[in-house]
Structure formats: structure tokens, C-alpha cells
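Next, two complexes with subunit A in common: one pairs it with subunit B, the other with subunit C.
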Partner chain A sequence: MQDMLRRYGSSLTGAFVALVAFWLLVLVILPNLTLFEQSFRPYLPVVDVGGPKDTYSFNNYAKFLNNPVVWNLFGFEVTVPVHLKTFLSTVFFSGVVTFITFLLSYPLAYYLAKVVEPRSLPTLILLLFIPLWVSEALRAFAWYIILTFNGPLNAVLVGIGLLDKPVRWQNGVLTAYDAIVIGLVYTYVLFMLFPIYGSVQSLDRNQIEASEDLGAKWWQTHWRVILPHAKPGIASGCVMVFMLSAGSLLVPSVLPSTSSNWFTQTIQQWMLESQDWNTGAAYSFLYILLCTVVVALVMWLFKVKLSDIAK
Partner chain B sequence: MHKTRNILFNVYMGAFLLYLFAPLAIMGGAAFNDNKLPSVYPWKGFTWRWFADLMNDQVMWTSFRNTILVALAVVVIAVPIGTAAAILINSITGRVRAVLYGVMVAPILMPGAVIGISTLLFWNQVSVPSGLHLSVLGQVSYIAAFVMLLVLARLQSFDPALEEAALDLGASHGQVLRRILLPHLTPALAAGGAIAFFQSIENFNVTLFTRGTSNTLTVYVFSKVRSGITPTINALALMLIVMTLVAATWYEIGRRRRARVEAAREAEGRRAAAAEEM
Partner chain C sequence: MSAGIDLENVCCDFGSFRAVDNANVAIRPGEFFSFLGPSGCGKTTILRMISGFIEPTQGTIRIGGKDVAGLRPNQRPTALIFQNLALFPLMPIWENITFGLEVRGVDKATRRRKADELLKLVDLPGAADKMVSQLSGGQKQRVAIARALAVEPAVMLLDEPLSALDLKLRQHMRAELRAIQKRTGVTFIYITHDQGEALAMSDRVGVMSQGRIQQIADPRDIYNNPVNGFVASFVGENNVFTGTVQNPAGGVAAFETALGTFRARLGEQARGPGVKLYVRPEHTLLSDAAAPENSVPVTISEVSFEGAFISVMGNAPNGQLLTAEIRNDGSATVPAIGAAMHMSFDPARAAILPDAAVSGG
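Showing the complex of A and B:
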């Protein structure tokens, strides 16, 4: 701080501090405190706000546990509150998406970092970046077109004889969330690829060769040398993909099945359809808790720091 | 053994690129299908009709203008904030730095919907109605963090002694910033501006909750997809994809030319060195 004053003088330093204070206080901290405070207040008509009915309570959070429904889990029938079911499904399928994107990305990241000819690397990276510039809404929409009942996927699969009759992909073949998982994997796979590529790239090629010379099988080299080195990148990719998937509203809304429900859609219903901003705030706060738990869990599991993840 | 491995890898790379681009091609192709529903199958004949419809779609053009205006505003606010934050974090150490850094990067990890909702609630408390101005503020809250990270990375290669020298030679504080630090940061500032612009155009979650009744392109596309859609969206998508491809090709040609010049210069240098040794 002293150093800054000496270099830039009091007025410039003051301007820097003011900009940062505006950002962190007005744009980040105060809105989140408001969210927290509002989540404990009831949803009232404007005239009643501040009146005797406007008291703090956990009522908004209690709505999370209302409306039990029967949920068929791997053959067992359990009764859970409908919003808890949505919440758990969102967490579970976001995890599935994260896992699939990792499986797809790791070989490719290794290929880009260690196998491909360095000359063609910039062209490949540029090619991989192009889909990222196409809006998420449109990328989800592309899969909507592919998966529709009268769409090209069914036409091709029936045409080559793999299917006898067209399948309703959007309603799900394995689960009600098939189409959403397909859309999310497509939309976010590059957010897994690039961090892993970055961390594999920094590994010295000699270490891989040493491991091979010492007689390690290819999978041993990957398991014992490359994967441990790529850990920060993998952690970063997992956190990014999980957060983006769980927080996505576009993909689950564009590719829904009749019985799929994403937690962001529940929040959106409270906010924009019921206009009950207070319950919306309570649900948002639950979501922040989820994010904190996931980030903390990944940091603990992979033994990495926050500065390794957010790059 | 490495040969089969390389063939497998190349096949996988090709398949992955196909996986990335085929959906975009299918979506673009549907823009020419004379079918009320957007699809390439069944093919009912070639038409330019959807492009004509798109040109006449006033709501789409308003949304497009709004998107650009919001993105420009986000760049103008987020780049100075992110730069100031990077300079600040770079000049402090210890516990305060760790805490401040945590608060700064937290918005990147926060779901966009939550950012949108908290922004809406906070400004509603101080009687500011919702609208695109709130979308700008909500987007800045996390996009500034991207700029901060980029500028911070660039600051690592900065030599503070240059500033010392300038000060010793009688430069004012403003001159030190303008003539020494900012020129060094220019690549990071340009990259930060570009990322801020594209992040803002992409944004849906924050905008949806803060926009009031205005539309941006992503929100418009979303409402179209939900409420019966015509291939005008495909025409729009195809135009955006083509613009992206043109920009990418242009960049790639420039890069290759620079690489060639670089290689020629290196070869020249080697020849000169060899000549000197003789």
C-alpha cells in the first residue's frame, strides 16, 4: 500500500481504491447481503412492507421441504419434497456432466499438449475456440433441432437400420435428463479441456520419457506421472463445468423433457412467475451454499488452493 | 507402437471437431429449409425467405442493438475496475491479500442467476427500477474479475524499477501510470476488453433477472425457442457463425504471415552468425 502511494501519488491511489471499493461493496457484497436479508422476510403486498406482518422467519426456507412427491430411485420408492428432488437431481446430473466432460477432454488435452506437432497447434486451438464464440442459447438450440422427433438424428439412425422406429430423445431414453446432459456436455466440454491442457502442457516431456524408459506401461505413466501433475487443471475444470452446469438455465429450458426440472428453473419460477422475490432469494441462498460446499470439497479433495482454480 | 497411438489420437481429434461443428452446421443448414419448423429433415426445398424475415424483424434488431450497447458499457466499466484491482492486489501481501483475492474471484464461481437476483433485490431496495442498466452492473460484478486475473498475470512480468527510474528522473505520478505502466499492460487490457465484450454478449442468466422489459439477443433467442420458433433464428445463428468464421480465418492468416516473417528473420540471423564465425 505504501509502495502504491509512492508510485502513483495519493489521488491516483485514491481512484484505484475507490474503483475497487465500488466493485466489491456496491456490486458484490451489498447485493449478497440484501439477498440474505430478504430471504428471511415474507412476500407481502407493497403496503404491508415494513408493517407488523414484516417479520423475520425461516418460512421461505421451509417451502423447500413442502409438497412431498414419490421418487423412484433405482427401484426404491422414496417420498421427498419436490424441490429437494429437483435440487438433488441437479447436483447429480451436473456431476454426471462433469465426469463425461473429463473423460472426453483428458485424452484430447494430452494430445494437444504432448503429441500433436507444434506447428499445427495454434490452428487446432483456434478451431476449438470457435464454438465458444457462438452463443450458448444457439448451441443448446442446435441440439434441440438434432434431437427432435422428426429430426436428423432419428432419420439417420433409422436410415442405417440401427433403430426400427424413431425415438423421442428429448423425453429421455435412460433418464428424464438425457437431452439436458447431452446439451450441457456439448456446451461446457471446452471449459474442461482448456484448464487440463494448460496443466499437462507445463509437464516436462523428460519426465514422461523417464517413466517410459523405466518400464512403466502407458497407463502407469498417465496414472502416476501425468494425472498428478495435471491435478490443478482438473480441479479447475471440474469446478468450472459443475458450476456452469448446475447454474445453467438456458440448456434445461431449451432441452427439457416432460418430467425434468433444474433447480435454476425452480428459482426462476419463484422470481418471474410467482413474483415472490423473497422465496427466490432464499432458494438462491441455498444455491450459494451448494457452490461453496462444492468448491471447498474439490479444493480439499485435490489439495489445491483457490488461486489454482480461478485462473 | 507410437504410430498406432498417433493414428488413434488423430482420429479422436477429428471426431471431436466433427462433434463440435456438426451441430452448428445442421443449425445453419436449417436456415435454408423451406419448412415452418427449424430442421434440416425433411428437406422441403431451398429458400432465402428466413433471411428476409430476419431483416424485417424489428424486435430482433432492437435486441441486437441492446446487446451491443450493454457489452460496450460493460467493457468501459469492467476494464478500469479490473485493472485497478490488479494493481491494488499486486502491491499488498499477506492475509489481507488472500481475503481480498477471495472476494474478487468469488463472483466467477457464483451462479449467474444468483448474481442477477441479488443485483435486482439490492437496487430495488434503493428504489432503482430494473432494466438494462442493472444488467450492466450485474455483469460487471463478475466480468471485472476476469479482467483482474488477466492484468494481474501481465503485472508479473513488469519491472517496477522502471517506475522508480521515471520517478527519480522527475516524472509525475500521472506520467508514470500513462507512459510506463499502461503501455506494458496494453496486451492484457486489450485481451480483457475482448473477453469482457464476449462474456457480456453471451450472458443470459444475469440479464434475464435484471433486464426489466428490455430484450437482449440471448433473451430474445430464448423466448423464441420456448414460444414456437421459426427458422429466422437459424438464419441469425448462421450469420453469427459466419462472422465468427471470417474473424477466425482473418486472424489465422495474419498469424501464419507473422510466423513466416519470424522464421525468415531467424534463418537470416543464423546465416549472419555463421558468416561471422567464419
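Showing the complex of A and C:
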């Protein structure tokens, strides 16, 4: 602060601080605080707002546990609240997305960091980035077209004889979330790739060679030397992809099946279709809290420290 | 357990650059062999070819008589100690040491026992559960040696492992390495640019320059009978005279220079241009009167006290700077600057040598 004052003078420094404060207070903290406050109040006709019925309660949060449905889970029939089912599905498939992006990214990151010639690296990274220049919505619609019944994927697979007849991909072949998972993987894979690339790149090549020289096979070197070193990068990539997937509204809306339901869509239904911002806000905060708990749990499971990710 | 290594006509090209040119050497089982040379001379490339990280462009490498072409580093009976040691920072010391056993499927209890044994061997007991970052430079060095010994290699390859240590520790580790080598009987191949290190530790030294092995001999021979000017200058100081060879006869020749004609031993390949006369400063004698032969009058220009010896520099009549070293044992008086004296040398202690052997030569 002293340094800034000396360098820019009091008026310019004042302007910087005021702008940052405005952004933080008025555009971030205040709207969130308002929503947070609203989440504890009932959804009322305008005339009743501020009246005797407008009292604080946890009723909006409790709606999360309403409306039990029967859920067929691997052959077992369990009865769970419908929104809990949506939440669990969302978390599970976000986890699947995270896992698939990791499987795709790690070999590629290793290849970029340690195998490829430095000369061709900029070209490769540019090629990876170009799809990112197209808007997320367009990319999701592109997958919609690829996966559609009369689309190119079916045409090619039937054409080369891999399939006898076209498949309704979007309805789901393995699960109802196939298309969403594909779309999310495609959208967020680079958020996994670059943190892992960064951490693998920082590994001294001699470590890899020392491992091989001591007799390790290639997979032993990856398992004992490269993966442990890349763990912070993998962890931050996983947290990012998981949170982005769980928070995505666009991809699940563009690539849904008849029975898929993403939790962001539930929040959107409360806010836009039911016009019930109070419950929508309650669900949003609950969602953030629960996702954070899931992430913290997984980090604890894999012995990842918060300071690893912040690196 | 230890194995010899044969390099036969080994060449290594990087694009159009020839890093190693026609290397031929037979390293004996149990030998402490050093490759000595300036950076970029190809010594590390030789080491990496033996360990299997680089395949030779031409030629054959045999370890223990067996051709190792196409074998990966993890299939060769060699263990490499890296210049920066390359210990695994995320594993405790004992896991570092027994990593080579772990990947071979040795069970944990045996590995732990082996680690304690090896830590005792390298004089570092009780460090098993520490992390790499908790050790000092010299201790890390010992761990690296223990880690390499754990896989019971037939050949240990060491790539300037002492270069990161300070002088005192380096000298201590020299003796330690030598002792470990004698105790284990493993063939050691040592890479260094430090001539003192190479001469003090090795059974034999191969001096390299510009991809070629210039001379292979035991340390005394390297220093006392260098085959060419490069070896003579790389392993020590010299007074160098340029001139032409006259009347070679029986390994001795006259050498005509601007400072007169000297007599000296004639090197085997001392022919053609680039031939020079080399005399070590400690073989250069200082006297008040001119010696009967090989004598040059000098004016003393600098006297520098080095502790064990005193280095005396003087200008010859043509301006050439010559150096003589006198032992600091009180037997000789230290000359004053500006004094007129004579420097001379024994013909048996001076050699007429060609320049370094280069590619295609």
C-alpha cells in the first residue's frame, strides 16, 4: 500500500481502491448477501412481503428433502427425495466427467511436458486452444448435432459397419447422462490438462531417468515418481473440472436426455419457472455447501492439502 | 559381480555434430576409471551411452562381454549417479535407497533391512526415516551412492557427483568414494572436469577433448608422460615453447626456438606444425648462473605465495612469461622482483608434443 501510494500518488491510488471496493462490495458481496438473506424468507405475494407472514425460517432449505421418489439404483429400489436424487446424480456424473478428463489429460500432459520436441510445443498448444475460441454454447450444440439420430456419428458408424442401425445417443446408451458427460468432458478438458501439464513440466528429467536407471518399468516410474510429483496439479485440475461441471447449466440443458436432471436445472426451475427466488437462493447456497463438502471429502481421501492446490 | 566394459569404435552424432568420435577403451572389472575433459568434450555422452539413455550411432558397447545394443537403462547392470543426484524428494531416505528393489518386487521388511545395511556402509546410520530435504549436501551424496549400490550393479557410473560440494567436503568424499569402491569391488566409471579429482581417485584416466579420447593411462603417466599438448595442459600447468624439431634420435631431439635450441624427449606423434615443447613449472629450475643446457635468462616479474609452494614468474628476453615453482621448505631463497636469474630444465623432464588429436586426424 505504501509502495502504491509512492508510485501512483494519492488520487490514483484512491481511484484504484474505490473501483476494486465497488466491484467487490456492490457487484459481489452485496448481491450474494441479499440472496442469502432472501433464502431464509418465504416466497410471498408482493402485498405480504414485509408483513406478518414474512419471517425467517429454514423452510426453503427443508424443501430439498420433500417429494420422495423411488430410485432404482443398481437393481436396489430406494426411496429418496427427488432433489436429493438429482443432487447425487449431478455429483456422481460430475465425478465421472472429472475422472474421464483426467484419463484424457494425464497422458497428453506428460507427452507435452516431457516427450514432445520444444520446437513443436507452441503449435500443439495453439491447436488445443483453438476449440476454446468457439463459445461454449456453440460447442454444446455441435455435440448435439454430432450425436443426433440422423447425425454424422451414426452415419459414420453405420457406414463403416460398426453399427447395424443408428442409435439414439442422446437418450443414453449406458446411462441417461451420456451426452451430458461427453459435452462436459469436451468443454472442460483443458482445465484439467494445463494444471497437470504445469506440474509435470516442473519435474526434473533426471528423476525420471534415475527411476528408469534403477530398473523401474515405465508404469512404475509414472506411479512412484511422476504421478506423486504431479499430484498438486492433478488435484487443482480435478477441483476445477468438478466444480465447473457441477455448476454447468448450459451443457445439461443443450444435451439432456428425457430422464436426465442436473442440479443447476433444478435451481433454474425454482428461480425462472416458479419465480420462487427464495427457494432458488436456498438451493444455490445448499449446493455450494454440499459440493464443497464433497470436494473436501475427496481431498481428505487422497491426502491433498489446500496449500497444494493453491500453488 | 563387477564387470568390464568395452567400447569399440563407438561414435555418437547429434545431427551433424559428432559428440563422441571413435572411442575405444577396455575398462577392466573392478577398476576405478575416470573420463576427464572440459565440458562439451563428450564424456557425459559416453556415460549416457553406457547407461543406455543414448544409443551409439556406430560401434559396440559390451558390458561384462555382452553386447548391450538395444537394451534400455532398466535392463542394464549399471547404476548411474546423476550430477544433481536426482533423489526422490517425496520419499523418505530408506525408500529412496531401496527404490530399485521395490520395483523388482522385494518385500518391505527385506527392503527396510537392506536400507539400514547400506546406510551403515555409506556411514549415515539413523537417517532412514528422514526426508531428502533434511539432509546436507554430503549426506545426500551418500544416499545417492547407497541408492545406486542397492541394486547391486556390476558397474557404477558417476556423472560429476562431487561438483556441487564445497572444497573440504569434496576432498573428503573423494577418499570416501574410493574406499567404497575398494570395499564393494564394483567397477566405477567416473566423469569429471576436475583433473585433481581424476588423478587422485582413479586407477586409470581417459582424457577427452572434442569427442576424442586423447590418452588412456594411469594418473602418473597422464601427468608425467602426456601424449599431446592438450593432455599436458589440461592436467597441469606448463611452460610452452614453440619451435621446430631438429635431429631426432633415440627419443630425444633438439628443438629450435626463439630463445635458443633446447634438448628434450620427443613424443611419438610429434610431427608437423603445432608441435611444441612442454615443461612443468615444478620441473623448471631457478638459478643465479646459467645452466649448461636448456637455460633461459629471465627477469623476475612476479612471486606468488601458494602455501605449499611458491610460484615464481619471469620474463624471458623475447617477453615470454615463464613460471617456476619452488617448494616452500626453506631450501631455496625467494628471489626479489626485478632480479636477473636463469630458468632451466632437465631434458628428461621436458617433452616435445603434438597438439590434440581431432576428428579425422
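In this text, the second predicted complex is superposed on the first by the 274 of 311 C-alpha atoms of A that agree within 3 Å, B and C clash if a C-alpha of one lies under 4 Å from a C-alpha of the other, contacts with A are read in each partner's own complex, and residues count from 1 in each chain.
Just so we're on the same page, a contact is a pair of C-beta atoms (placed from the backbone, for glycine too) under 8 Å apart; a residue touches a chain by one contact, two chains touch by 3 or more.
The shown structure was predicted, so the numbers you read here are calculated from the model rather than taken from an experiment.
Q: According to the stated criteria, A:Trp133 is in contact with first (subunit B), second (subunit C), both, or neither; which is it?
A: A:Trp133 sits against subunit B, while subunit C stays out of touch.
Q: Is A:Pro42 contacted by the first partner subunit B, the second partner subunit C, both or neither?
A: Neither subunit B nor subunit C is touched by A:Pro42.
Q: In this superposed model, does subunit C or subunit B come into contact with more residues of subunit A?
A: So, of the two partners, B touches more residues of subunit A.
Q: Go through the superposed model and pick first if A:Pro81 touches only subunit B, second if only subunit C, both, or neither.
A: In the superposition, A:Pro81 touches no partner, neither subunit B nor subunit C.
Q: Is A:Gly9 contacted by the first partner subunit B, the second partner subunit C, both or neither?
A: first
Q: Please indicate which partner A:Leu104 is in contact with in the superposed arrangement: first for subunit B, second for subunit C, both, or neither.
A: Only subunit B is touched by A:Leu104; subunit C is not.
Q: Would you mind writing out the residues of subunit A in touch with subunit B in their complex?
A: Residues in contact with subunit B: 1, 3-4, 6-9, 11-12, 15-17, 19-20, 22-24, 27-32, 34-35, 38, 104, 107-108, 111, 115-116, 122-124, 126-131, 133-146, 148, 150-152, 155, 186, 218, 239, 243, 246-250, 253-254, 264, 267-268, 271-272, 277, 280-281, 284, 287-288, 291, 295, 306-307, 309-311.
Q: Across the complex, what residues on subunit B touch subunit A?
A: 5-6, 9, 12-13, 16-17, 19-21, 23-24, 26-27, 30, 37-42, 80-81, 84-85, 87-88, 91-92, 100-115, 117-122, 124-125, 137-138, 140-141, 144-145, 149, 160, 163, 167, 172-174, 176-177, 198, 201-202, 204-205, 208-209, 217-218, 221-222, 225-226, 233-234, 237, 240-241, 244-245, 248, 251-252, 255
Q: Where on subunit A does subunit C make contact in their complex?
A: 204, 206-207, 209-217, 220, 224-225, 228-229
Q: Help me check something: in the complex, which residues belonging to subunit C touch subunit A?
A: It is residues 51-53, 72-74, 78-80, 82-84, 86-88, 90-91, 99-100, 102-104, 147-148, 151 of subunit C that touch subunit A.
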